[in-house]
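What follows is a structure written as structure tokens; I'll ask about it next.
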Amino acid sequence: MEIKINDRIAHVEMISREEDRVILSIDGRKYEADIVMVENGVYSLILDNKSHNIELIELENKKYLVNTYSKSYNIDIIDAETKYLMSRRKDDALEETVISSPMPGKVVKIMVNEGDEVKAGDTVIVVSAMKMESEYKVKTDRTIKSIKVREGQTVNSHQPLIVIE
Amino acid sequence: MEIKINDRIAHVEMISREEDRVILSIDGRKYEADIVMVENGVYSLILDNKSHNIELIELENKKYLVNTYSKSYNIDIIDAETKYLMSRRKDDALEETVISSPMPGKVVKIMVNEGDEVKAGDTVIVVSAMKMESEYKVKTDRTIKSIKVREGQTVNSHQPLIVIE
Amino acid sequence: MIKKVLVANRGEIAVRVMRSCREMGIISVAVYSEADRRAMHVRYADEAYFIGPSPSSESYLNTDKIIHAAKKSGADAIHPGYGFLSENAAFAGRCLEEGIVFIGPSPEAIRSMGDKITSRRLMTEAGIPVVPGTEKINSEKLALEKAREIGCPVMVKASAGGGGKGMRLVKNEKDIVGAVRSARSEAREAFGDDSIYIEKYIESPHHIEFQVLGDQHGNIIHLFERECSVQRRHQKIVEETPSPVMTQKVREEMGSFAVAAARAVNYAGAGTVEFIVDDHLNYYFLEMNTRLQVEHPITERVVGVDLVKQQIRIANGETLDIRQDELLQFGHAIECRIYAEDPEQNFMPSPGVIRHITEPLGLGVRHDGYVYEGYEIPLFYDPMMSKLIVWAGTRKEAIARLRRALYSYKITGVKTNIRFLERIMECPDFVNGQYNTHFVDKNIDFLLFPEKHDEKIEDVAIIAAFIDYATKIKKREDKIFSKNGKSNWKDCGRRISFMRY
Amino acid sequence: MIKKVLVANRGEIAVRVMRSCREMGIISVAVYSEADRRAMHVRYADEAYFIGPSPSSESYLNTDKIIHAAKKSGADAIHPGYGFLSENAAFAGRCLEEGIVFIGPSPEAIRSMGDKITSRRLMTEAGIPVVPGTEKINSEKLALEKAREIGCPVMVKASAGGGGKGMRLVKNEKDIVGAVRSARSEAREAFGDDSIYIEKYIESPHHIEFQVLGDQHGNIIHLFERECSVQRRHQKIVEETPSPVMTQKVREEMGSFAVAAARAVNYAGAGTVEFIVDDHLNYYFLEMNTRLQVEHPITERVVGVDLVKQQIRIANGETLDIRQDELLQFGHAIECRIYAEDPEQNFMPSPGVIRHITEPLGLGVRHDGYVYEGYEIPLFYDPMMSKLIVWAGTRKEAIARLRRALYSYKITGVKTNIRFLERIMECPDFVNGQYNTHFVDKNIDFLLFPEKHDEKIEDVAIIAAFIDYATKIKKREDKIFSKNGKSNWKDCGRRISFMRY
């Protein structure tokens, strides 16, 4: 099975599992670990007698945000089902793009109208959250396909704000 | 509906409920409260502008341990279903009694054998937990019907240890 | 005597004020907006009053609603915390009119110190050094004269200015005329007013402030300094006391000036006199904050005084029970502010639901927070979640302790600046006590990009995610199994457990 | 130099030791039993080694397994914490043999102080007051003579005794012969040995102890006293420093004796000299604990010294960096121990799964714990979950602060003694500082039965339970509804929300 961690794709195989003791290989390296979930979403992992605490947040099915002591990782589990879905999705890619805010906020200003042609670097929308305004720009020349929100509206994180093509 | 709190039976009626705002009556007293679950099992209740934090532990269906700031209460919800079951159970009551430990522990010693006749005040079993031994006695003259555990065994809280009749 | 205090604030400071109230046997009253029904200050308070919609302007900044709640609850005093109405002279005056004690200085003191020009004049009159500078200037000749007087480098600033517009840094006298000319033209363009003024430019400024306490009977003391130069975008993020650059002589001088500054406005209450200090320990009055500061706990820790209790006692009309010569700085304290923000995305706020918290504990650690597991940080207010304050006998040990505390401090669900703060504690400039307000900019690469790519740690992350996934798959399978009555998982588990010995 | 420390312990003390290791840049190694895989010390440590089954005798008390783990991990030192192997001279000796630093005193010091008779003799030789008493006595005549010498009241105790058997309190001289006779007969019956000894009976005993630190170069200091008289079943539950009954003169005397006691056994490390003190401040050496005490944090707080770091430095062979005359007691600290137990059921331990914790925070509060939400307190070890330590400028304020902290300290899932501790803080005898080791027995009614029946609070509990029940019923109904596609709950919710303004 494959697991994507940031930009790396690792090959992972379970060799054995007996209760908390697991043996597995990652990209050919063999690991023998003792792993238990100690709190909701928090694992204690003892590997070569080193003690690790790892926090897992399941963002969506098979997608995790994983915090080790020093760093956060985005991890995707790529099992057979995911692979199949990925192969099907490929054709649709890049057809349209959605601008969204990574965090919830309030739409301060919409700088464009539907149908507008915008240049690379143009700001299309300004969203504020917690005393700070963020400007969202397009990276290449595009056309505004549709505007999904109105000024003053409260929006969730990752909610589509503007669709460009 | 009736709610049993320790030894008191209170009559409770919901008058209205709109989101977090509830109006209800308890033994004829009318309460208008703002109540929300803030954490898993923890309620914040504002009643006449007094702020209360109440922790609920559901021991089993319709049975709660409720902690207010100053005190713990055992609360049973007595709805129609419960009443029906209670009326049915009445006949079976007092037929046999189970001796159990309120906390998990280890059986140190069993002082009786099945079939033994014991006198009021006799110790039948000793259970230890966390450096402390507790002796369990019978309150009236009884006969040992069956012994469910053996010496040295680890037992859970409320697990039947000895059945007497 | 104050018996019931309404806290006109939210977040950690509201809880912190209520804690001291509780210790004094005073009933605490919370007010809350729509977004804050579940907030900790509402849960912690004895009483709670709803005051309106989430935006501060319709709730925490709404004087009428707060006064109304105070009246309804029978509170005899209002503590404003910091921010919101804490430096609002009109609100302080309104409390007076309504017969409610405002736990803070007089409206006059707030007003005088709130106005840059008035406070500068008052301080100059009281003999307190201010940043050398001029009044409005309209002639290039006068500008040149004044710049010579002050000595370069100087800043030319537009009187009507803001946002850096009409501002020029002049390092050599010969550039002054050109700078004045272009600043005026830019100011005219931007603000329709081309008057400018000149101020000495402090090259490596430290932000050092002194805590003061004054009672209503004219007694004023200072509780030493706080070094607040670790800032990003003019926002303090780490504060410490004593300041690593301070000397005993300068401390005493600045302390006396801080007391004099407070005296100049008949200050009663807790306040902070801010100075700008250069590398040679030349210091200039900057402003006075007429309220409790976010960073007050480091003073509390090193001096051993509960500042909120002192505020309440002073508001009660009591005489200060601490004498200046009794005070000493015992050991070293550092505070850092924990924000829900993403340092890697230009410190963008990261509101959301707190999934899991592990709070740092133990020797020398104070933690003033208000978020809890399951709590959703609202969009409407400041993203600061908590303050971590450590104390130790020495600065070196305090830094080690803060690193230890940050190491075990975990908040998931939102992004935080915890790792960024750890990097500050590892940064040589900070460790050596050699920093000024340019610290973050100067060290930003060190602070932001600490990690080497470590495949071993990646593998650890992979193991955890993989096991979580595999466990879920297994559970799903077991469910199907057990429905067919064929599961022998338990037996298997027992056997393995047995085999471990 | 010590670079890696194995902590041969569990629970809060293991975590506490590791925290100081982390601050010193020392790698920490945990050992754990079967029951402790999920314990906090395993999670907090840098490394973790499994050492065997849950019973202590097969894990934490098993010298071989611990030494083996130390060797395997490459630890150069072992910290024993308190309890378990901390006062085991053989274990300390074994570490020496294996070339591992034992962070504690020499085996000889442990052995001397561990034996009542040896330590009593050594102390007497060093001129330290011990409880007046006799050696073994086999004649009634001698007993009478000695009892006269000591002065009534006296205790007659069986030499081989234990559990109160063969013990007699004698208040009047005339009763001495009868008491000796019956004690001997009872002792013969119980232990097959009828020798007895006589000791002065201290009527209102205070348990006061002094913290000492000695290095390997003969420097020994004391860090003042701790008052530990609040006990139940000889188990301390609340400790404070300074002691409310202490005077400066007696403090200095006792401190000198504590140092002398340590010097008598060439003590190196942190240790505690326990005294029994009567109401007139007559004091007698009781015993020396040759390890860190549970209650060490109150000393740390008031004196400003990290005792674990000092232990490690001393074990490193460093010279003490603190001089006696530099030390002072700054303010007042109180510790209370939080147990998983049921005060209303004769303090029966209450193990179980921790459902929910709200930790007290803020000014002057230190919290040393190890349990977390979802953690199951094992059956095999001590039921102490944490220690709450508060500091304030005065004793009165410290009590108020501890009450405040206990108020907001919540642990559900297991029963705790938190309310019991709050009652101690409200109890007049404690508040007035007028208590001795009889405190809990004397005030048990006050401590155990605080609540008046309050129907209003019952109603609050009823509301919460009722709403929880009703919400569950509603959810079940909604589920059925929504399956039929008929739910209009959301619209309804919106309408009501709108109507709130």
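Read from first to last, the chains carry the letters A, B, C and D; within each, the first residue is number 1.
Please note the rule applied: contacts are C-beta pairs under 8 Å (C-beta built on N, C-alpha and C of every residue); 3 or more make two chains touch, one makes a residue touch a chain.
Bear in mind the structure is a predicted one, so any value in this text is a computation, not a measurement.
Enquirer: Return the chains shared as contacts by chain B and chain C, ordered by label.
Expert: D
Enquirer: Using the average of all C-alpha atoms in each chain as its centre, how far is it in Å between chain A and chain B?
Expert: Taking the mean C-alpha position of each chain, the two centres sit 46 Å apart.
Enquirer: Using mean C-alpha positions as chain centres, tell me how far chain A is from chain C in Å, no decimals.
Expert: That pair's centroid distance is 32 Å.
Enquirer: Find the geometric centre of each of chain C and chain D from their Cα atoms only, then give the gap between the two centres in Å, rounded to an integer.
Expert: The answer is 38 Å.
Enquirer: So which stretches of chain C touch two or more other chains?
Expert: Within chain C, residues 44, 372-373, 407 contact more than one other chain.
Enquirer: Where in chain B do residues touch at least two different other chains?
Expert: In chain B, the residues touching two or more other chains are 39-40, 53.
Enquirer: Using the contact rule from the top, write out all pairs of chains that touch.
Expert: After working through each pair, the chains in contact turn out to be A-C, A-D, B-C, B-D, C-D.
Enquirer: Taking the touch rule as given, give the residues of chain A at its contact with chain C in the complex, in rising order.
Expert: 1, 3, 5-6, 8, 10, 12, 14, 17-19, 22, 24, 26, 29, 31, 33, 35, 37, 39-43, 45, 47, 52-58, 62, 64, 66-71, 73, 75, 77, 79, 102-106, 129-132, 134, 154, 157
Enquirer: Over in the complex, which chain C residues touch chain A? Could you list them?
Expert: It comes out as residues 340, 345, 348-352, 355-356, 379-383, 407, 410, 412-413, 419, 450-451, 454, 457-471, 493, 496-497.
Enquirer: Using the touch rule from the top, collect the residues of chain D that touch chain C in their complex.
Expert: 15-16, 19-20, 22-25, 34, 44, 53, 297, 300, 304-306, 330-331, 358-359, 361-369, 372-373, 392-393, 397, 400-401, 403-404, 407-408, 500-501
Enquirer: Enumerate the contact residues on chain B facing chain C in the complex.
Expert: Within the complex, chain B touches chain C at residues 20, 34, 36, 38-40, 44, 46, 49-51, 53.
Enquirer: Report the residues of chain D in contact with chain A in the complex, numbered from low to high.
Expert: 30, 37-38, 42-49, 72-73, 372-375
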